[in-house]
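Two complexes come next, and they have one chain in common, subunit A, joined by subunit B in the first and subunit C in the second.
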Partner chain A sequence: MNLLDFARGPALQWSLVIFVVGVLWRLLGMLLLRTRKDLSKPRRDAAWKGLRLIALRSWPRKEFLGGTAFGEVMGYAFHIGFLLALFFYVPHVLFFADISRGLLGTDLHGLTGLHWPTLPNGVVTLLSAISIAALVAVLIHRIVNPVKRLISNFDDYFSWLVTLGPLVTGMAAFAHLGGWPYERLLAVHLLAAELLLVWFPFGKLMHAFTIFVARGSTGMLFERKGASL
Partner chain B sequence: MSSPLLGEFLRSRGVTRRDFLQFCTTTAALMGLSPALVPRVAAALAQARRPSVIWLPFQECTGCTESITRAHGSTLESLIFQGISLDYQHTLQAAAGDAAERARETAMQENWGRYLLIVDGSIPTGNKGFSSIAGRDNLSLLQEAARGAAAIVALGSCAAFGGIPGANPNPTGAVPVSAIVKDKPIINVSGCPPIPVVITGVLTQYLTFGKLPELDALGRPRSFYGQTIHDRCYRRPFYERGQFADSFDDEGARQGWCLYKLGCRGPTTHNACATVKWNDGTSFPIEAGHGCIGCSEPGFWDKGGFYQPLSTGQWGSARTLGVAVGVGTALGVASAALARKRQKDAEGA
Partner chain C sequence: MTGTTPTTREPDPLEFDKPRVSIRKPEHRFDSQGEAPDAARVERAMNSFVRDFGRTAAVYMESCIHCGMCAEACHFYEVTQDPKYTPIWKLEPFKQAYKREYGPFAFVYRALNLKPKVTVDELQQWQHLLYDSCTVCGRCSLMCPMGIDIASLVSQARHGMFKAGLVPHELAAVTERARREGSPLGATPKVFADRCEWLSDEHEVEITIDKPRADVLCAMSSIEIMKYPDSVVATARIMRHVGADWTFRLDGYEATNFGLLTGDAAAQKELTLKIIHAAVACGASVVVLPECGHAYTALRWMGANMYGKPLPFRVLHIAEFLAEQVRAGKLRLRKLGKSATFHDPCQLVRRGGAIEAPREVLQALGVELREMYPTKGANWCCGGGGGVVAIHRADELRHKVFKIKMEQIEETGAELPVTSCANCRQTFDDGQAHFKWDKTMHSLLELVADNLVEDAQ
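Let's look at the complex of A and B:
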């Protein structure tokens, strides 16, 4: 078994297994916690309005713009670039379709008759470069800013590293950089993505699943207490 | 051995100056040289002495020889190739037996340190009887010939990377030239077989400039192997638009869409097929409707099925993931129950 076979086979399977087990464990462990009964009379009854906080927190507040604009812009640049490259790059789409066929016996086209759209390689390359630039910028900001540096721990830096890994190795594989055979570059890219999957449930990357739940529940709490959203 | 100038030789074979210049222009372009250098290439090539070349075929199928000699018709490439002083090639030469071996030994002695050694086929390192010539095993023949060579051209994927004889389970212990010879410059002209013009292009560059071409990390001339088939494929726009043939006889295949999903290795294969093409520039495998099988890359025979897409993940079944979902759910529920108990205990305390 060569490195690519290992990356495509056992490493892929085990990383997905760890990802699924870890995400379900953490999510259910949090969602099934007891919520303390609030005996006070709610200020406002329409608790579902609190869900507005999910949208409101996704946009900078005018009052704090000066302090948060950098993080907001870089955050959006990274996330948009990363997600578009992940879900609309041709080989990724074929890879997901292949996994889908392996698991379900069919892919999106077989299920719905629809074709998953893809982006031109040039656009994906640009998006990946933007994502990498944004990641580097936020790391520099984290190190330079004394407050952020103080509150940063291993989780922050390691999560940053495992997020950067697939982007950099993906770009290297696409551009055939480093004088390595493509198969080795592809294997390293797959392993980098698999490391991301393995670390995902246990570090701050889990925010992908918890962020909207947290904002929604906070918003509902605020609404109940009559706080201004 | 007589060694007239290459220009004289070609004229004697009826090659016109126009044809010769056209060849020089094409070869210069393929080598990435400026058009201003074409006269220099032509002058140097016309004045070049026919170098002594010793060609040792080992574990091979004669496809590389077939490619360069183009049995179906004489081309300028084959004439240029004949223009070298091919002092030993047991498939092509008229002499046989002791006479052939004496020709090799004489050529080696007369041109010691100057001759070009071409090797096609891999070298078995197992039982010496796996492949031998005139009672000599391939390994000792290569070691002896390599000592007196100015440079070595490993012709074809077998000589360059082990090729099909070296494929799993490699019963003969086949290795490429580079695994045996460590102290001579080696040019890997890979392919199964290599494109004729790539072979002559490398020889032309050697004759013209007296030095080896710039090589990539795998020892292949950058001028021919610098880009992937995919980079220059005429079906590339379909790849960019996400239009793929799903089978060899569907509408996509008829429309000439990208063959990536049918296992095309174009994105991982460095070669000049998409630009130079085969059979006098007639076509190449992708143009003929079949994906590239990546024959100019190391270990191409052992990289999974030729019809599996490159992106293929080797996923077993849904059962493993189903078990993972079950275990994750059980762990989540159990840890929540434990936490709830702790919460309750804390409230009661």
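Let's look at the complex of A and C:
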């Protein structure tokens, strides 16, 4: 078994298992905890309307814009670049279709008759570069900003590293950098992505899931009181 | 409860409050109660912290991405730029303990010792962050991009600190006094009754006490009873003006709840139940709470949960009661014809949801309302909430924070600063005296009582 076979085979399978089991374990570990019924008389009955906080909190209130602009801009630059490159780069789409066929026996086209849209390679390269630049910027900010430096821990830096990994190795594979054979570059890229999957449930990357639960919970609690969202 | 013991870290008689050449500034003092060994204090703190842990708090603990944006919302960070005042940092030992002892991967953290055990030294240091420099105003909760209600976690951490016997001694002492005497500031039932009698004679207004049956039960805060007694008179005048069937009751007149501020859940419950039982005893359909932000949180939003069932009466802050009377056309007010600005008490407005009621009342008073920037839910806290105004060692920091309020109010150019919280008012009075400021904070309640049309006639 060569490195690419390993990356495509057992490494992929195990990383997916750890990702799925780990995410479920952590989510259920929170969500299955008891909640006490709030017996106070609500100011507003439709507490579910507070779920709008999930969308609302995606951008700070105007009063807070000044001090948070850097974080917001870099956050959006990274996330948009990363997600578009992940889900709309042609080889990624083919890869996901392969996994889907392996797991479900069919892909999106087979399931729905729809075609997954893709982006031109040049656009994906640009998006990846923007993502990497944003990641570097937030790392520098984390180190030089006294607040972020104080509150940071191993999770922050390691999560940064495993997020950067797939982007950098993906760019390297695309550009055939370093004189390595393409297969080895691809294997390293896959392993970097698998490291991200393995780390995902244990660190702050879980915010991809908890953000909805945390915002939603606060939104509903505040809405029933009529408090400011 | 045993007596409180002010303690200093590395006490040194040569260290004075003010920084001096070659003598470093003394470290922050911490207070402790009881004689428990260090390990027992930590264990009690953490047990108490996790015992109350529900789904929402766990989600919050799991969600922080360490973006640091909450610092931008905190008045203590704003004026000092000191990163230790970052709101989420104020919870660091408790986050650490959560991960190690309670989270879904606690067994991994413990097995590999990835998160060290919290020490009593850390808890002692964090006393300053959890009490002196947090008003539980919740502005950070409004900022957090993850939607974490950081203020609620601070309250929960205070429960742990209380159990550990690591509470600022002023708060521990007044909470103990409230349980023993019925009031944190000495407004015992006898003192309150005497005051009401004196105020009744002095102001020629009937102050009803201990009516067996009444539709409206009014409560006051101890700051009002002891420092702003005109608020008691104002309440009586307004109740008479609107024709309410009302009373004070000596078994439930004190709405101040230092149990909530200290983190003493048992005291909080005891103090809350007094008002609930008094209201039930007289068959009240409404309890009108005084101008006190945390009293509103304690009864309006936490009262039923303390009682264990829904409250058989409505709970209104006096500003909400006044707004209802305005809407019902029962409050006839003289128009002031002045400009005013409203300082939003955090627990009433941002976290309590009574955002427009005080403004409706001001409108009825015919003032030109000049909003501060920011205002309403995003307004800056006065700096004295959450028990901070009671902690003497926090005065210097609190005064720094107060400058934000002075600037905000000056920028409006309004003639009358108005609020609806006696604790805010006390903080403003203290700030005014400290800075020799020419602006005096006014009580919305007293402003209304002073401008009732029948009085003008």
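Please note the rule applied: the second predicted complex is superposed on the first by the 229 of 229 C-alpha atoms of A that agree within 3 Å, B and C clash if a C-alpha of one lies under 4 Å from a C-alpha of the other, contacts with A are read in each partner's own complex, and residues count from 1 in each chain.
The rule is simple: contacts are C-beta pairs under 8 Å (C-beta built on N, C-alpha and C of every residue); 3 or more make two chains touch, one makes a residue touch a chain.
All of these numbers come straight from a predicted model, not from anything done at the bench.
Trainee: Answer with first, second, both or neither: which of subunit B and subunit C does A:T210 touch in the superposed model?
Mentor: Touch status of A:T210: second partner only.
Trainee: Which partner, subunit B or subunit C, touches the larger number of subunit A residues?
Mentor: Comparing touch counts on subunit A for subunit B and subunit C gives C.
Trainee: Quick one: is A:V20 in contact with subunit B, with subunit C, with both, or with neither? Answer first, second, both or neither.
Mentor: In the superposed model, A:V20 contacts subunit B only, not subunit C.
Trainee: Looking at the overlay, what does A:F64 touch: subunit B (first), subunit C (second), both, or neither?
Mentor: second
Trainee: One more residue to check, A:D5. First (subunit B), second (subunit C), both or neither?
Mentor: first
Trainee: Does subunit B (first) or subunit C (second) touch A:L33, or do both, or does neither?
Mentor: Both subunit B and subunit C are touched by A:L33.
Trainee: With the two complexes superposed on chain A, say which partner A:L94 touches: subunit B (first), subunit C (second), both, or neither.
Mentor: In the superposition, A:L94 contacts subunit B only.
Trainee: Would you check which partner chain A:G102 touches, where first means subunit B only, second means subunit C only, and both and neither mean what they say?
Mentor: The first partner, subunit B, only.
Trainee: Touch test for A:L53: subunit B only (first), subunit C only (second), both, or neither?
Mentor: A:L53 sits against subunit C, while subunit B stays out of touch.
Trainee: Using the superposition on chain A as set up above, list the residues of subunit A that contact both subunit B and subunit C.
Mentor: Of subunit A, residues 25-26, 28-34 contact subunit B in one complex and subunit C in the other.
Trainee: Please give the residue numbers of subunit A that touch subunit B in the complex, ascending.
Mentor: 2, 4-5, 8-9, 12-13, 16-17, 20-34, 90-95, 98-99, 102-104, 115-118, 120-121, 176, 179-183, 186
Trainee: Across the complex, what residues on subunit C touch subunit A?
Mentor: 53-56, 58-60, 62-69, 71-73, 77, 81, 83-84, 86, 88-89, 92, 103-105, 108, 141-149, 300-305, 307-311, 314-315, 349-355, 373-374, 376-378
Trainee: So in the complex, the part of subunit A that touches subunit C is made up of which residues?
Mentor: 25-26, 28-36, 38-41, 43, 53-54, 57-58, 60-61, 63-64, 66-68, 71-72, 75, 145-153, 155-156, 202, 204, 206-207, 210-211, 213-219, 221-222, 225-229
Trainee: Given the complex with subunit A, which residues does subunit B contribute to the contact?
Mentor: Against subunit A, the touching part of subunit B is residues 216-218, 228, 239-242, 260-261, 267-268, 297-298, 302-303, 309-318, 320-321, 323-325, 327-329, 331-333, 335-337, 339-340, 343-344.
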